[in-house]
Amino acid sequence: MPEEMNLLMFSGDYDKAMAGLILANSAREIDVDVTMFFSFWGLWLLRDPDKISNEDKTVYEKMFSTFSPKGAEDLPLSKMNFNGVGKKLLVEMIDDNHAPHLIHFLKGARKKNVKFYGCKLSMEIMGFKEEELIPELEIVDAKTYLKSALQSNMQLFI
Amino acid sequence: MPEEMNLLMFSGDYDKAMAGLILANSAREIDVDVTMFFSFWGLWLLRDPDKISNEDKTVYEKMFSTFSPKGAEDLPLSKMNFNGVGKKLLVEMIDDNHAPHLIHFLKGARKKNVKFYGCKLSMEIMGFKEEELIPELEIVDAKTYLKSALQSNMQLFI
Amino acid sequence: MPEEMNLLMFSGDYDKAMAGLILANSAREIDVDVTMFFSFWGLWLLRDPDKISNEDKTVYEKMFSTFSPKGAEDLPLSKMNFNGVGKKLLVEMIDDNHAPHLIHFLKGARKKNVKFYGCKLSMEIMGFKEEELIPELEIVDAKTYLKSALQSNMQLFI
């Protein structure tokens, strides 16, 4: 049986999402199965900037949508963000090293058959619709996450 | 033997505490044993607002107690807290979905026999007394946490 | 075979680093093998304040170095830092309890043969040189981390 890694992606930070997706890509390259469960702010990472819509949303959900980052490249840093200036500096340093951006690691994970789970309750509370997020995403509840995590060889909360 | 999940609750954020307690409740519902070890800011979650006392505390401990959130519902968000406004917005969105508040998930976990461990060193440094926190809490050291975590099927640092 | 704990040290916070290092020291005291993998802000913890240098660095790397905390004792708190005042208060409370500082837990972990891994990609992007960090550090890639983590009995992302 192949080994398995399970990542709970909770945070909506550029740097933490980068850490999670680098691990996901590296694991697939050594034939480890990967499941990523996106909950709360973690869902920001999966927003498709071209499919964001305010249809069928309450006033609160519209406000929340407006203040939320619009997909992977729009995420802030967890530290030294300095209103976006620190983030820009970090991305320049990534470019100087010819390293990929977050969106490239996300594309890599999608190509390499990482399993994408989205938290049902978070989706409902935040008012995100499935069609606004990446198409690979399967919406599941906490029990489905737990069963998958319990049978994995390692689990991280990111 | 039943499966077991171990959560190290470090953060004192409403949203992260919610994630931990939803997992704890869901795990119990599928017969998974759960141990939660509360350290540092995680202890805020277990303060009983009616039992907070400044007796036998140093000046620093009193200051620390005053600046600390007073129990589960008083915790801030890890993101978009906006001095409490973002937190209120999120709680309204939770209510709109008829979803439970953090305090209800905490009550659920207590009823479902989740094991509550509190970090001895954190209690001493922060000056929290056992009688100020929920009565189920058992104060243990890091080694007791480690032994419990090592024999679990999954461990998360939240 | 001895049991093994693997910690991914991502955050550069005094309190979270303290949690990780207390666990590492406690684990060694009960004969559990420990590997710590430092990535992103986690590398700040390992800077030697006496060996920080701007030689061979780009303008961005110099700026980044200047804004980064200079080793363990210089790290901020993840919460209630209040521009350093909250951090000072916490350290006073640690002293009142005759508990060790972060730097002492780091020394303990080094003496007790904790394995120190540093993330190659983070080092390159942030422009940190090996000679600026503690000498025990071995620079490895994400796959080396993953292989070590997958064979461990528990893994945490801190």
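Order of writing sets the chain letters: A, B and C. Residues in each chain are counted from 1.
Here is the rule we go by: a residue touches a chain if its C-beta (ideal position, glycine included) is under 8 Å from a C-beta of that chain, and two chains touch if they have at least 3 such contacts.
Quick caveat: nothing in here was measured; it's all calculated off a predicted structure.
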Exercise. Looking at chain B with chain C, do both copies bring the same residues to the contact (over half shared) or different ones?
Worked result: different
For this session: Compute the rotation angle for the C-alpha superposition of chain A onto chain B, expressed as a multiple of 5 degrees.
Result: 120
Problem set entry | Computed distance of Cα centres, chain C from chain B, in Å | 25
Exercise. Which residues does chain B have that touch at least 2 chains other than itself?
Worked result: 155-157
For this session: Flag every residue of chain B that touches chain C in the complex, lowest number first.
Result: 8, 10-12, 39-41, 58, 60-61, 63-64, 67, 121, 124-127, 141-143, 145-147, 149-150, 152, 155-157
Exercise. What residues on chain C touch chain B, complex-wise?
Worked result: 3, 5, 15-16, 19, 22-23, 26-27, 29-30, 32, 78-80, 89-90, 92-94, 96-97, 99, 153-158
